[in-house]
Amino acid sequence: MASKVRVETTINGEPTEFLCEPRQSLLECLRDVLHLTGTKEGCNDGNCGACTVVMNGALVTSCLVLGPEAQGARIETVEGIAKGNQLHPLQQAFLEEAALQCGICTPGFLVASKMLLEKNAQPTEQEIRLWLANNLCRCTGYDKIIRAVQKAATQMAEVKA
Amino acid sequence: MNEFEYRAPQTLAEALADYSAHPSAKLLAGGTDLIVQMRAGRKTPDVVLDIKHIAELNELSYDAAKGLTLGAAVPCHIIHNSDVVKREYPALAELAGIIGGTAIQGRASIGGNLCNSSPSADSIPLLIAMGAICRIASAKGERTVPVESFCTAPGRNVLEPGELLVSLQIPAKSKGTGSYYLRFIPRNEMDIAVVGAGVEVTLSDGKISAARVALAAVAPTPLFVTEAGAALIGKEPGSEAFEAAAQAARNAATPISDMRGTVAYRKHLCAVITRRALEAAVAQAKERQ
Amino acid sequence: MSTYSVIGTRPIRHDGADKVTGRALYGADLQLAGLLHGAILRSPHAHARIIKIDTSKAAALPGVRAVVTADDLPDSGDRMVDLGEGETPLSFIRGNVLAKGKVLYRGHAVAGVAAVSAHVAEQAANLIQVEYEVLPCVLTAPSAMADGATLLHDNLMMKELGQNTGKPSNVSEHFRHLMGDPAAGFAQADVVVERVFDTATVHQGYIEPHNATALWNNDGRVQIWCSTQGSFVVRDATACVLDVPVSQVKVTPMEIGGGFGGKIPVYLEPVAALLSKKSGRPVKLLMSRRDVFEATGPTPGSHIRVKLGATKEGKLVAGEAYLAYEAGAYPGAMVGPGAMCVFAAYDIPNIVIDGYDVVVNKPSTAAYRAPGATNAAFATESVVDEIAEKLGVDPLELRLRNAAKEGTRRADGPKYPRVGCIEVLEAMKNSDHYKSPLTGPNQGRGVAIGFWFNVGLPSACTIAVNADGTVTLVEGSTDIGGTRTSIAMQAAEVLGLPAEKVQPTVVDTDSVGFTAVTGGSRTTFATGMAAHDAAQDVVRQMKERALKFWKMDAATPVEFAKGVFTAGDKSITWNELCTKQARTGGPVVGRASVNPRGVGGSFAGAIADVEVDPETGKVTVLRFTSVQDAGKAIHPSYVEGQMQGGSVQGIGWGLNEEYYMSPDGTMMNSSLLDYRMPTALDLPMIETIIVEVPNPGHPFGVRGVGEANIVPPPGALANAIYHAVGVRMNSLPMKPSAVMEAIWSK
Amino acid sequence: MATVFLPAMLRELAGGTTQVAATGATVAEVIADLERQFPGIQDRLTEGGELRSNLAVAIDGEVSPDGIREPVSEQSEVHFVLALSGG
């Protein structure tokens, strides 16, 4: 059996250690080792975005990251978006706008959208579409997702003001 | 995926020593090509060297004399958002925003795109057009290679076992120079170029004084079309000159028919995309005069 | 018009918090103690005889716990079985689960392995040595139908107009619908247009790959956790394939990441069960994206000829259609429904339709959202557009003149009950979109309409009343797009409760009565009807309880309105009565099971504005409107969502999606990079207009809206492209290179 | 007498006729009457005493979940149609 390496990392603000084979992707480590199964696998080659997480401030598809690369990194997943019982405005807007049907792509969309709003608090429709082009949704046709992101942006701006 | 050993050297010297000890190792920067290929069984290394912790490979600096030093492992999202790149090399900043999607740009590097040496790589035509030079190092020493001489066949390049790409040097751009990369893809993002064209033109006294044109996805390697550049030099920037360059590009292309397009379609697109890229580059050149 | 307090509102879905926090458990998320991971070895050839399989090296790899092949499947003889998709020989179902004797498509499962990790299982699968005798392959309907074509099945005899010919063929069936006198009809026509169309194989493209976990327990019971549109279908199919009693199989449907018809057949479940039986441990099998493309059922590619004749007054008088659909490796190409839908939107007196179900060396096809109808409508709607142009009539006006309505006889026989085709067309005509002008060169507008049935089929449901006034609703319809809520809302309406006081739960096959698939646009209709009926049962029992509580005669009439039970001068609120259950006879549980009549059908329409780049052939969708008859929209947001999602799948089908096959039968683009489903950047907002022509067969008037919306888009886009650049596209996808070539040959 | 519409593929059994009159209070009885008129038709419509599972029967345009047990009236139109489900 393959020898495992020890990885120390930070996930959603919590210092975390795990053992993995080098060939295990970060996605596998999150799901199968750490049981953080909110991050989904849709294609395992970076083209669907269901496994999107934030790694050291950059959006990445965790299927294209090796587990050991998480050493010393800061990882943020869908499980870290809500603060305790309080849903993030994006999560709330996704529910209010019916921006999910089957929900399998939703974690990736939420992680990506959250980062978009952190970089660009009032994105245009076209900016949202461009940013989210790495995330495939087959159920909604994207319309309600775009509206949910716009709604969350507006609400977050109102809270700030 | 086969088993392998993962190593993450922290210095260039350490990486070169490791690499010379394991010449069949594969180098990992963003992993957006390598991990896909390993998962598909197309690459089965015993050792993977993660080279993105090395300072030289993460350098992104600009000097008015030397131009831009772009470390081979700098991810696209850094390039795309870099103020100096946006100011001095807007086409490069834009390019870094169209490779893959947002989450691919979080990892993928221009250096990796070059070393993967796909004929359809988006970055290579622009690097050729901008006259980029590869800085290559091994335990034995260093050498430089112009980007247009880097790729040798689909997936192959001039790197010898033990050699790694440290950085790219892109000359500073004089006033009146404009560059552009344009590709044709069926979707609007997340797609492989059917045809791509990287162009650079310099205008002086209302005429084109320098021009370079390179193409993606129309030959076994990215194609530097010197005839297209020659067709532009000395001409006034306009449809006649662009058309001549476009025809030169079309004539130089030797594409294959595959699921992305037929020979006839790709040759046709070469002309269209080259012309449109030139129009954009000239517009930029005029802005930068 | 009755007013509802819950129906037509937009409450937050009951499973919403789980799905935005990552807590919802999908099939692949299941973790069990002692879980093994599996891998499937798949055929590298499109058509080959299996000479020998040697699994010894795989079995010997450290960490491997079990290896299975078709030899491990029971050999209980062949028989016809019906698993909700019509009769199929059991040997075909088993053969698709694990190939026996021959592989019929690239990706066909040959062997399964279970090991301590997915990586070890994959390595082991690659160590299995299979000796093949490669055979020639046939990849399209016309080539498979040609004289002398290589046959996929020695035992497949062609059925010709209902009669078994006894002749081995790749054509499993040729059938015909004939109405009126087509020859006489065409003789009356002033304009006749006949065109030939081809459509590529396309995939449903759900984002979640198939998965299944099985535990074959020591008592012989088989437990399965999986992603499916129908847990009972998985139960029955697995029991059939494994030759165990249905009661020995329990299927727990996990959350499902999309299906669109593709998650009805079983692929992994029986293999996981066999691996579990051999290893004595639970085994999880996951498909890769390539497996999903190569080894699950896409929708058929097709070869279609449509001929329509119209008088100069714009009345369609005759129609003729030839439909040859590629079933993939086993018969069942959905050409039957294609034939029923090809002219279903129109009142045409004289029709002949010939359908051919043809096997080819591609994966066995499955349903995909209005299966068979989109291919057919692309052809019909293109020809109708051409006739409108020849007659100089507005394309919506021509459709209105010929639209199907109550009493119109379909070519397959029955007359329509009340349907909303005309209302859909009028909504299109009156839309802001249709009234707005195009704004630039190379732009065009196209319209199209389409029909799809709703199906009934069985559903069961129970509702238990809680002491605090809330209720729990137990149902068996897996929730792919918010149906927990659309079903709960129907119970809530009957019970006078807000939607959030009805807690719906989707349960396993041991815990609710038989419920057919979430498919066929039936869930909100049929399971919703069961919820309505179960809620009525609750109300009836609660009335009895009220009388008991009041110590009144059981025959006394009781009124229930606005949450209050009243009889004479007595009244008690719902909430208060709920607290009295224990003292009036114990917990109240309502139940209902239905196999509904009154199944409506749904018409949909699309208006598409496109701009075509005349130098590259690339089509940009500028504006898109989807119109559909929902009967009554229970939760309008999710009705709009179905319309938008179906429209975008139709746009993908129309413009870029295809199985790009090499001559040896390899799908060259089996990734989400090269199989180009639309991204957010490829689309405009999708405008929706919900038309409500209530279905008299449902208590709230519901028509299922899951499917018809995918039918019009390819035709609408083809017509828009024609009006933009003057080329009639006769094959799907209308990808840039194809449009460019059409422009060149103009 | 109910009016039975024969699907095109059964018409050769009935000499090409598209509509035939048949008596019966249920679909089963109607089929039995059809069999008397056109021997062989029952086999094409039923198997093991039930409708063939690829078929459904529609009475006056509405597909019946009860199959051969569905009541038929004197004025009914009876159609044998393809059974289907969907995506």
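To keep things simple, chains are lettered A, B, C and D as they appear, and every chain counts its residues starting from 1.
One rule holds for everything that comes next: a contact is a pair of C-beta atoms (placed from the backbone, for glycine too) under 8 Å apart; a residue touches a chain by one contact, two chains touch by 3 or more.
For clarity, every value in this text was computed on a predicted model and none was experimentally measured.
S.K.: Which chain's centre, taken as the mean of its Cα atoms, is farthest from the centre of chain A?
M.R.: Greatest centre separation from chain A goes to chain D.
S.K.: Rounded to the nearest whole Å, what is the centre-to-centre distance of chain A and chain B, using the mean of the C-alpha atoms as each centre?
M.R.: 29
S.K.: What whole-number Å value describes the gap between the mean CA coordinates of chain B and chain D?
M.R.: The mean C-alpha positions of chain B and chain D differ by 69 Å.
S.K.: Using mean CA coordinates as chain centres, what's the chain A-chain D distance in Å?
M.R.: The answer is 56 Å.
S.K.: Could you check chain B for residues that touch two or more other chains and list them?
M.R.: 1-3, 101, 188-190
S.K.: Provide the list of chain D residues touching at least two other chains, using ranges where the numbers run on.
M.R.: Correct list: empty.
S.K.: Can you list the residues of chain A that touch 2 or more other chains?
M.R.: 2, 21, 23, 44-45, 47, 130, 132-135
S.K.: So, with touch as defined above, which chain pairs make the list?
M.R.: A-B, A-C, B-C, C-D
S.K.: Would you tell me which residues of chain A are touching chain C in their complex?
M.R.: My answer: residues 1-2, 21, 23-24, 28, 31-32, 35-45, 47-48, 50, 77-79, 81-82, 87, 91, 94-98, 100-107, 110, 125, 128-130, 132-146.
S.K.: Can you list the chain D residues touching chain C in their complex?
M.R.: On the chain D side, the touching residues are 5, 7-12, 18, 44, 52-54, 58, 60-65, 77, 79-87.
S.K.: Under the definition above, what is the set of chain A residues touching chain B in their complex?
M.R.: Of all residues in chain A, those touching chain B are 2, 5, 21-23, 25, 44-47, 49, 52, 55, 58-61, 63-66, 68-69, 71, 112, 130-135.
S.K.: Applying the document's contact rule, which stretches of chain C touch chain B when the two form their complex?
M.R.: On the chain C side, the touching residues are 119, 122-123, 126, 615-616, 618, 655-656, 660, 668-669, 673-674, 676, 678-679, 681-682, 735-737, 740-741.
S.K.: Within the complex, which stretch of chain C touches chain A?
M.R.: Counting only chain C, the residues touching chain A are 10, 12-13, 15-17, 19-26, 28-29, 31, 62-63, 116-120, 204-209, 255-260, 286, 288-289, 480-482, 635, 637-638, 640-641, 644-645, 647-649, 671-673, 677-681, 683, 685-686.
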